[in-house]
Structure formats: structure tokens, C-alpha cells
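A quick write-up on the structure given underneath.
Chains: A, B, C and D, in written order; residue numbering restarts at 1 for each.
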Amino acid sequence: MGKIGLYLCECGPNIAEAIDLDRITAEIKKDAKVAGIERFKLLCSEDGKRFVTESIKERGYERVVIAACSPKQHQATFEQVVANAGLNAHVFQMVNIREQCAWATPDKEQATSKALRFIRAAIGRVRYHWPLEQKEIECSPDTIVIGGGTAGIEAALRIAQKGRKVFLLEKDEPGGTRRDREWMAARVDALRNNPLIEVYEHCKIRELLGFFGSFVAHLETREGNEVQLKAGSVVLATGAVAFDPTGLAGYGYRELEGVSTVREFEKAASDASDGHPKSVAVIHCVGREKLGYCSGTCCVEAMRVARRVKEASAETEVTEFYRDLCLPGTEHDRFYHETAKTGVRFVRFRDIDVAREGPGLVVRYRQEDGSSGSVVADAVVLSAGVAAGPANAEFARMFNIPLDEHGFFQSEHPVLNPVGTVTEGVFVVGGCRGPAGALDATAQAGAAAGKVLSALVPGRRLRLETRTSEVAEALCVGCGICVAACAYGAATLNEDRHIAVVNEVLCRGCGNCAAACPSGAAQHRQFTTRQMDQEVTQILR
Amino acid sequence: MKGKRIPVDGSVNDTLRSVLALLLKATDAVMVPSRIPSKESFAYLLIRDPKLLEAATPLAPVMPVQGARALQSMGRGRGGLPGILCVLRPCEARAAIELFKRNQVDLEDVLLLTIDCPGAFPTRDYLGNPEEFDRRFEEILQGKQDDGLRPDCKSCVGFSLQEVASDVHIGLLRGKPGEVAVVHRSDRGERLLADAGVAGDDGISDWEAGVEKEARVRTGARDSAFQEMKGRAAGVDGFEKLFADCVNCHNCMRVCPICYCRQCFFDSGDSVRLRAEDYFARAQHRGGIRFPGDMMQFHVGRMYHMALSCVACGACEDACPMDVPVSRVFAFVGAGVQEQFGYAPGRSREEAMPMTTFKEDELHAFEDAGGISAPGTTETQSGKSKDQDSEGKVE
Amino acid sequence: MADQTTDVLVIGAGLAGVEASLVLANAGRKVYLVERQAYFGGNVIKSEEVFPNLECATCMIAPKQSDVIENQNVELLTLTEVKDVRGEAGAFGVTLLRRARYVSLENCIGCAACFEPCPVTAANEFEEGLSQRKAIYVACAGALPNAPAIAMGECLRSKGEECTACRDACMFDAINYEDKDEEREVKVGAIVVATGYRLSGAGLPDRLENVYNAFEFERLRASNGPTEGEIRTRDGKKPKSVALIHCAGRREKGYCSQVCCRYLAKFARYAFDKLEGVEVHEFIQEVSVPGKDSQRFLETALEKGVKLVRTKAVPGISANGSGVRIEFQANGKSESDEVDMAVLAPAIEPGSGAAALAELLGIETDGFGFFRTAGSEPATATRPGVFIAGCNSGPKDMQTVVIQAEAAAAGVLKMNHKDTETGPGEETQERPAGSGDG
Amino acid sequence: MAGSFEPNIVGFLCNWCSYAAADQAGSNKLEIPATLTTIRVMCSSRVNPVLLVAAYLRGADGVLVAGCHPGDCHYQTGNYNARRRFALLRGILDVLELDPARFRLSWISASEGKRYSEVTKEFSSHIAGLGPNPLRTRPFIE
């Protein structure tokens, strides 16, 4: 067990006046579990810290309990102090007798009894504290980027730098659907000319193993060669797909000639040299109900169609049928007003139906107030949103990353860690994590780069969480209940040995597995059953 | 439902043996309770040599070893090994499936054959007078009632193919001349029967009706058994009386098919055992404490660990040297929490165990999130959670 | 280059500044994180719950805040502003002005004993004036760093009186009336500007009794706010009807602030959660809920019974007794509505002093006063070595803010590696905004 | 608190939400009943119901588990697991009529210092109403 030193902080009058520290001292002496009790005016002051460090050394304490304020205030401070005294920071327990006793219980008598229970609990548990080792592992600073669209290329370009290689894996060719556009071509060149980036195009990913700091990818090149790549982090940039309006009632897509998607229309327009259409109808929000969300970029894209048509021939009539105009950000209201100025008509609809009548197409619509109307057009352009790519499911399995209800990758936390995932070291950027315009995708690529560049620094070892879980092999029968409980894929079954193992790189130290395990094989360091049971017992003695 | 009707030739066990002989042709081995030459006890045999089937007693008068445990003792990772047909009572098959969900048995090459269960006698009664009980058991197989069966068997509602995901089932049409009905419950079972030439599509509605009728009787018995338990187990007093004689031998855990842990949490050093000084402090605190300690901790804790999967097989009570009605309490508690989570052990191999999954929107009667109201009562709880099939989390 | 340094200055310690600082600090960079206020955390900590999961904002941000406080590489400087910037990327010289707090962060342990004796009371800005504070105060319960500051302008001492009430109450001699504003020079290689946003007054009616803006309503709902989370009118009544008014000030400012539709849907849920049987009327022109999580979020509000009124323009608002009168055009007719409380979604504009700071930093702003990003670079300012994070470059939701902050950090971490890839200053091929479908 | 009986209540608080709420309550000088002694865990999912049983057997008059609101878990989904485990234990205690009302599961977020004070005060007087844990005076069941 070792000699235990108990430190009582008066916190000026905050604790001293609210709690009878003399009585505490007397009672704890009676319990005869501690080797010494020290009292100080303000332990977190420089004098206080020095006092603790020196008295630990002098009196030869091997376990330390500090009764003061909330661990949220000074746990870190005192762990450092204990370490300075030459002890392992984890043979120490902090007791919160300020926030949850002195300040919360007006009656001094009661507050003192309560503080006594808190302190006894800590003394009881600290007897079962053992040094925890601060583990560090070697890790690779290189990165595997999967997907060669905007997000993938921008991520690769931002990550690649001295001491860091990037492997960009693409099933087709970098640049994706916008390869032809000038700005994209420039980025693809930058990618190809970067000496620190290896591009594997037309390749298939066979398998992806490993974890943060050391992933291994097995892929098959176009020539059919097996290639093995090692990296410390992975950026998923597998993109999204355009929603396919085929079979969507009322639009006549693939049924009526002259009905096309934006991309088809633009392509046709650029190819065709012959005359301009007299009238074009652009329909927004195609498939939004089916998708269940607004993609955020289609309204602007739909207006851009109108603009191009008008630029080509000012007399062509253009009508934009929309439900709600989604024009987020500072640029788009202006863009809308300018578009309206060019003579483009904007019609809000609730229901819409496209039919062919004689030579032309007729767009019939009903508005929210019930009134209805129709427009004749030579061309109907459907502006649809974006949907999750089909490949997501497979990568989700590979990396143990949950998909959301729409089939996009889920961030570890939508706000706190938007490009991170529950699998440490695997990041998601661009269309594969949700609808994203090129600028969003670029920003997300930058974010992933920021996380990678700061998490994995060449020559620096990866420091691991100390309060992780472990599995006692002798007790484990490999039932897998802890595996089901772990949200981070840290607990896995070793099929050969029929036991569960915890990957300390992935473990975040929540202790869920320890509570799930019926045999007590899974244990949570610094929160072991015995330590917690001691707290319970001492509180209730 | 259709199946193959086979007239009983000789005793029921004779007939079952002949069916097994046919099935053994279509698989590599049969695992079946068999009479130990001493003639006074039974054990599971893994039989590859058809001749040994002579000793097989598919329906034995006692259940000294829970079949699922026998299967578990074979270990896992048998992938690619010869196939086995394992003969089990429905409660044993349910336990086997619960162990399968816990990675403790490997059903890859194992087919589960269940048989309408006539029940079993308490092992200690049987050993007192084997001949007598063998005779009485034969009469039971002819359809006679016998009050000497174990309490759990008398109130067992899962004696046939109710809620058990076995591959093949054999029903008993009692009375003279008796018949057995062989039915498949899975594709693999169907293939086995076909290969063994025991497939058939005779109508068996009379047997099904018989099962239903019997089930109604058993349900009544079970309800009154639970009623009795409710009275006896109620509160701290009830608990103290029920377990007064417990000597902490933990036999109930050792024979329990669901208690699969290598070492029981409540036996392990790092469990909630205390140091002498702490026991002393507690003795001081409450005047005195019982030793060996942790009796209630053990039983309630074990309930927490296995009640959701308790198949009420009665093995624990059979093994209790002090006649504590262990299995009756556990079956009673098990039924309660199984209803609470809408879970039936052994019903399906896919159904996730309630403690390995969750839904985001559930069990609100147990939490207080908004106001500071106390959690609801038992009624509202089971009401709340009835509709939950506990499959994976929503979205 | 002798005076080259890799240290970084981050201006503004809101969500963006905190995130950028932590990413940089974890990369081993020394970070000066300066915050004009006496507390840090920015506007986020004003919210009780945040989109999309209605998570408690405090619970979300607190761990990041303690990371900042405990991280050896981050030096958090509150009550501090940037006075002057010289030099160039890789070697900026920056003059910081730290305004006197009059409370020693070293000595103060946050026991709050000094508040009660202070004789001065003033409106609490953090609570949008919905509650009172003393001249020595913390912005709100749980504000960090956990130490008060004295608003010397309000303190009796500034009026020549010899009041020492707070100093007498303090047992840790943390109060120092002699504290002075101090200038400090720091050398940094890069600057991240994360000065955030404020709600614009443009297009808003004059102050009306029971008309609230978004921040005020957030504080009403906050458990640590002036009403401890109870939604009450200024005269303390439970409103029976609440109007949520979209796009207040959009026409005047000329852009969509893009988060309002979502937070008003959240407000609707606040109202339904806290006010039994309340009626919620939303006055809206265009529903703008981009992103995969938004639609469901809006629908939930509608399911709870929001009455959505599509109006031709932002309704007119006038006082009507203790209530609010709302006049609007819908379906070509003039109509009106009476409610107990109205909540406005004003436009989001750059935080105060943005123009001056842009001047100081030599970076461009757009027509609306937001900092301009260079070409298609989402987090790079128009001057090499200066990066931008958060709503000072345009309205954003929280996740986009964090993403941009991490991207800004990437820009900084990339700077000193011109030897390989092109430096951020040059990565600026023009690309039509929102081009392509991602 | 009613009567002379002083309950002894054990509380398990998750580090990120409920423990922070308790601290905030204290910082705002809001009352937390003297009858409650708390144990800090990283996540409510760490609380093994077997420990709750132990607390009851060792004479706890009440047992409180508090964590982040559903959806807010610092570790993704820990509190959902915690809720199931708690519900199972409660189910067992309900069937055996072993004082289920002495066990409480509450979701309290970091900003809900006031609610923490209210919940704990309410629970404390609720327990005071139930009277002492019968096991306190039962040497024969352990």
C-alpha cells in the first residue's frame, strides 16, 4: 500500500471557515490509514506547491491525497507537483471538498461530515493506485488520401511537405468530373508535379489495416500489381454523386426529349453550335424530398445555368422554378439580383409537372396560394442535389466509421471534430461527409491537413492516453460484449486466442467496456472496480 | 406445419435411437445423453460409431449436465471439423444459442436437435432409487402425469419448439400406439432430414394441438409458481428467508449454462471483495456481519449478469446442496426482465443481446432528464419497453 | 533570417481562435491567444443548446477551454488587443495592449467573495442587459479564466471615492487598484484572425418592450442566464405566443446570414420545451437550411406545431400594450398578428473594430466589411502570413467555423515549408464561388 | 430534510457533464445536500450496476447515477449503454421488490448547476421519506 500523505487545503477561508479541519484531522488519525496529515493555507499557490513537493520527499510518502478544490480546477496542477516530488502522477487522488462541500453545504457540522466521507473515499481508493506509464509509440508522418476530387487533391497538396509523403489513391483519374475546367487542371498539375505526392490512379483498394500512427493499405494498380503503403493517417475524400432524377414523377427525365440535368444541359450547350432555344425552364430542388435535405449549392448552380443561357442569347426566355431560394453567404443575394435583372423569371412552385405537347415541353405548376400556371419551353433543366456515394458503405466497414441516415460518413462530432471520425487518424472531407461546394471541400481538406500536420509530426512519438482500459487475459473468455460496447473500435477480439484486446492508441478511456464485462476481465485504469468499490465502502462505513 | 410421422416401435427412446441412427448416416457425429454402464447415471457422449447409439438415451429421466455446457466444453474454432448433431432439450438448446451469441459455442458445423421435453427428476431423488424412477419416467413418456418432476419442469412453458432456434425438432405424440413427428426448423435441418431420408410432409396438426393444450396447462402452472415466488421473494425479508441456507458454494453458478466466465466476477480477487479491516469497519458500523460474506451480492449480481439469458433449465437448483429454490427465483426474475426488454433467450441466433445494444429513444421511465420527477413504477416500465425488440440502435 | 520565428498570434479566443490555437499548440507551436474580453469562449458560450444535436454548448466547449488553459504552448492573454503590427510573414512584430484587470490571475482563486460587497451595480453586457452585475464581476457562472475583472469606469474609485470594499473582501490579496494598462511586444511568424461576429442593428425596429434579438433569447433560455433558463417577458410573464422573425436586416445588409433559419427552428423548440401550450409563429420569406442535418432539424420544429407564415417582406413590428403587433403581406393581402413576445434574427456582421484591425493588419475586406479570403483559399487573408478563421470572413455555422479554423492552422503549419509545395500566398487560382457540385 | 434520519447517499457523476454541474452548483453557492457523497467517473457508462448493488448492500440509503443528456455523451453513446444497464438492474430490483425507489438515474448537463442542486435535494428528501436502508441493520444478509 505504501505510506499515504494527506494534504488539506484551507483555500484561505473558503474551506477553513466552512469545514472543521481539526475534526477531520482527528478522525482521519483515528482511522490510522495515513502516515501523515499536512495542512496549508493555499496549496495551489507557489508556496503551497513547493510545500507539497518538499514534504512528500521529506516524509517519504508513496501515495498522496490532496483535499482541496475541484479536480477540474487543479488536478493537472497537483499531478505535476506530485511528479516533481519524484512520484508517479497517478499514485495521487484529489478530493473536492470546496465546490461540492464547503461551498454547497452551509451547515459546518454537516459539511465536515461530508468532507470526511469524501476524504475517506479517496484514502480508501488511493491504496489501490499504481503507477501508470505514459506510453509513446513510433508513428509514420505519411498520409494516405483516398479520392482525387477537389477535397482529395487539396488535402494532399496541403499535407505534403518536408518529411511527409502523401499517397493519393484514385479509382479513376485525379480531377474527377471537373478535370476539364481550368482551375482544376492547374491543381491536378500541382498534384502531379509535387515530388512528395505519389498518385496511384485507376487503382483498387484491396484492404486497409492498422490504426492511428500506422495504417497499411494493400492496393492493386491498373497493371495488376500488388502495392503496400504504410501511413500514419488516412483522409477519406471519396466524394458524392449527383442525384439521379430517373423515375421521379412529374419531371419526365429520360422519358421526354429536352429534359436534362444541369450537367447534361451544359455539355450539350457547349457541343451544340446550332441555334439557341427560345425558352428554357430550370427546376430547382429536384429530388429534395427523396434526399431529405437541401444540398445548399444547387440554387446558385441553377441560376448559373440561366446566366449562361442569357449570355449566349439575351432573348431566350428563362424561368427558374424554385421552392425556396437557398442563397447562403455573402455573395449569392447579389448574384440572384443580377440574375433577375437579366430578365430571368423566378416562379415559386409547390407542385410541378413537365409534359410534352406538340413541338415543345409544357411546365405546369401550382403555387402555395393554390393559383397555377404553365410555361412552354424547348428545354427543361433539372437542378438536383447531391447524394452519398455508393462506396461509402465499404469504407465505413473498413474503418469502423458510422454512416448517417443519408449514407454519408459521420464526423466524430459535428461541431467539435467535424472532419475527424470515431476512428482516430481517419478523416473525412468533401462530398463523402455531406453535400459540399468546392470551397467547402477545400476548407475541409485544409481542416484535415491541420489535424494531420499537428497530430503526426515527423520525428515525434505519439503520446497515448494513460487512463485507458486493459483486459486481464486470465479472466477473459472472449465473449465480445466489450467489443459491442466500445464506440471507438479500440476493443477487438483476438480470434486465435479467444480473448478481447484493447488497442491503447484508439482507447479514449471512458471505461464503458469495464462496466460491460461480466467477469471483470476488462478494467479501466485509475477507475478499477476495486478503486471505485473502495470509494463506495468508505463512504458507507 | 409438416413433418414426418414415425410410429413408436418399442419404447420412445428406442424410436428416437432409430431416428438418430438414420441421421448419423447424414452427419459425422451425434452428441447425445447416454446411460453410463453403471446404469445409474447419464452423460453426454460424442458418438461416431453407430454401435454406441445403443447406450444413447435421447430423453433421460435426469439432467445431470446441462447440454449447452457439454457443447461449450468442446470449445470453439471447430471450423471445418466434422459436423455434429447435438441432441438437446429445448431449454438446453436455448442456452446453447445464448452461449453462441457470447462466442462460447461454435454452431458452424453443429446442428441442434430438440425433442419435446417430458421434464426430468431431481438428480438426487433419482439416484436414491434409479429403477423406480426409470419406470416412472417410461410412464411419463406414455403420457402419464408425475408430480415428482423438478418444479421448473412442471411449470416449463418452453417444453416443445416454442421460441427455440433449433435446426430439427422431434415431437412426441403420446398415447398408444405412440408416434414421433420429425420436423425441420432451418434450411440446414431440412437438408439433414432429406439426406437422412427422414423428410416428409405428413400433417401433424394433432401434435401441434397437443402441444398447445399442454402449453396452456403449463402456463397456468407457471403463473401460479411465479405468484408463489412473488410472495416468497418479496423484499429484504423474503430474500433473507429464501437464501438463508445458502453456504456460498456457488454450485448454482458452476452448473449454470449461461455463467460462461472463466472465473466468476464474485470469486475473483479484484471483484468487490474487501480487506479484513474494511469488513471490520462495516461490522462495527452495523453491529455485525455474516461470514462468508457477499451472499446477496453474489446472487443479485449473478442475476444482473445472466437473468436476461436465463432459460429456466433448473440446473442450478438441481445442484444446490441446501435446497435453496435458486432456479425458481432466477426464472421468476428472468421472466420479468426478459419481458422488460422484449427479449427471449434462444429464440433467435441473430437477435442481439439487450446489453450489447440500445435505442436512442427508449426506457424513459428509468431516467429523469427534464424535471426532477422520480422514475416510474414497474407497470409503466414493462409497458414502456414491451414494444422494444432490442435490435441495433436507431439510425 | 535571424528574426524569423514559428510562433503564432491568434486574435480572438472564441470557437475559431480556440480551435486554431489548440491545433497549432499540438503541432508544437507557441501560440499567443489574445482576447479583448475578460473571459474567453466567444459567442458560443451564450447558447444553452446548439445545432444540430441540441447539445449543451458549455459541455461542448469546456473541455477545449481547459485544454487551452492547461496547454503549455498556449499563452492566453485576456483583456488584450492588438495595437500595432510590423514586419512580414515569418517575422511580424506585434504590439499588444493588455488593459488592466485590477485582479491578479495568479492570486485569485475565483471564490467570488468580492462581488457582494461591491456597492456599484450596472447592466451585465454578457446577459444583454437582462440582468445586473457589480463593478467587479465575471461575465457569467462558469466563465473562464475563473477570475473577475473590475470595470474601473464604473468603480467608485474612478469617481474619486476611497472604496476598498472588494479588496477588503479578498483573502488572497488578488485585488490591485494600481494595476495599469501595459503594452507588450511579441514576435510571431504568422497571425490568425478570429475576431468573430456581432448581430447587426441594420433594419431592426427601435427597442420595443418584448422584442428580443437572438442573443437575448439565447440568454433567456440559458440555465446559467438571467432567468435560469425560464423564458419570460421583461415583466416576468410566461409568453403564450412567440413570433420568430426571419431575415431582419437581410435586405439592408444585402446578404443571407445563413444560420438564422436553423437557430430560429431551435428557438421554436426552446419555446415548446419551456412554455406549455405556447403558440409559435414564424415569419419567413425563404427557407434556407443547407446541409445534411438541417432539414430534419427544421421538420422537428414544424412537427411540434410551428405556424409558418410566408411573408412578402420582413413584417413591421410595433408595440401593442405589453404585447407585440406584427403587420405583414402574405398571399397579396395585408394581415396582422398579435403576440406576447417577438424574436428577431438580425444580420450577422463582423465584430466591432474589424475595419480598424484590417487596416492594422493590412488585409482587405469585402463590400460588407468581412475579411476577404485570398482567391479560393478558404482561410488565407490577402496578405501573406495572415490567416482568417470564423465569422469575421462571413456568416458560418459552428462546424464550418471549426473547419475554417483548422484550415487556417494548416496554412500556418504549411508556411515554413515553401521548399516543397507552393506557399499559401500563391495558392490562389481564382475559381468561381460554389463552382461544381463538390 | 425531514426528521432526524440523515440519509447516506452515494452518487456517481460523469466527469464531463454532471460533475461539472455539481461544481457549478457549488461555485454559485447553491445547496447540495450534505447527505450526498459523490464518486467521479469519466462516463456514466463506467458505472457497473454491480457497484450499485454493492452500495445498497453496504447500507446506502440512496444511489444516484448522473451523466450527460442522451445525445450529449462525451464518448459518443456511453450514456445509452448506461441507461440500459441501469434499467436492467432496476428491473431486477423491481421484481424482487428490493427498494427500487432508492436508485435514480439523472441526466444533468454542465450548465445545469441549478438543476443539479434541485435534483439532489429532491432525491435526498425522497430518500429521507423512505427511511433508512433496511440492510443497515441486517447483519445476516451480505
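By our rule, a residue touches a chain if its C-beta (ideal position, glycine included) is under 8 Å from a C-beta of that chain, and two chains touch if they have at least 3 such contacts.
Source: prediction; values computed, not measured.
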{"item": "Chain hops separating chain C from chain B, counting only touching neighbours", "value": "2"}
{"item": "Most central chain, Cα average position", "value": "A"}
{"item": "Most widely separated chain from chain B, with each centre as the mean of CA atoms", "value": "C"}
{"item": "Inter-chain centre distance, chain A versus chain D - centres from mean C-alpha coordinates, in Å", "value": "31"}
{"item": "Where chain A and chain C are represented by their mean Cα positions, the distance between them in whole Å", "value": "23"}
{"item": "Chain centre separation in whole Å, for chain D relative to chain C (CA means)", "value": "36"}
{"item": "Chain A and chain B, separation of their C-alpha mean positions in angstrom", "value": "45"}
{"item": "Residues of chain D whose C-beta touches two or more other chains", "value": "20, 27, 29, 49-51, 54, 58-59, 69, 71, 74, 77, 81, 85, 115"}
{"item": "For chain C, residues contacting two or more additional chains", "value": "53, 55, 110"}
{"item": "Junction residues of chain A, two or more chains touched", "value": "72, 404, 485, 516, 529, 533, 537, 540"}
{"item": "Graph class of chain-chain contacts, one of line, ring, star, complete, other", "value": "other"}
{"item": "Chain D-touching residues of chain B, taken from the complex the two chains share", "value": "233-236, 238-240, 243-244, 265, 272, 282-283, 285-291, 293-297, 300-301, 303-304, 307-308, 332-333, 336-337, 340-341, 354-355, 357-360, 362-363, 366-369, 372, 374-375, 378, 381, 385, 393"}
{"item": "Complex contacts: residues of chain C adjacent to chain A", "value": "23-24, 26-28, 50, 52-53, 55, 60, 64, 66, 70, 107, 109-111, 113, 146, 171-172, 250, 254-256, 258, 286-296, 310, 331-332, 366, 368, 370, 376-379, 394-395, 398-400, 402-411, 413-414, 417, 419-422, 427, 429-438"}
{"item": "Contacting residues of chain A [partner chain C, same complex]", "value": "11-14, 42, 44-45, 69, 72-73, 76, 150-151, 157-158, 160-162, 177-178, 181, 183, 186-187, 190, 194-196, 239-240, 242, 292-298, 300-301, 304, 324-334, 368-369, 386, 404, 406, 408, 411, 413-419, 430-431, 434-451, 453-455, 457, 460"}
{"item": "Touch list for chain A against partner chain B, complex", "value": "124, 404-405, 472, 474-481, 484-485, 493, 495, 498, 516, 518-521, 523, 528-530, 533-534, 537-538, 540-541"}
{"item": "Touching residues on chain D, where the partner in the complex is chain B", "value": "49-51, 53-54, 57-59, 69-71, 77, 80-81, 83-92, 94-101, 104-107, 115, 118-119, 122-123, 126, 134-142"}
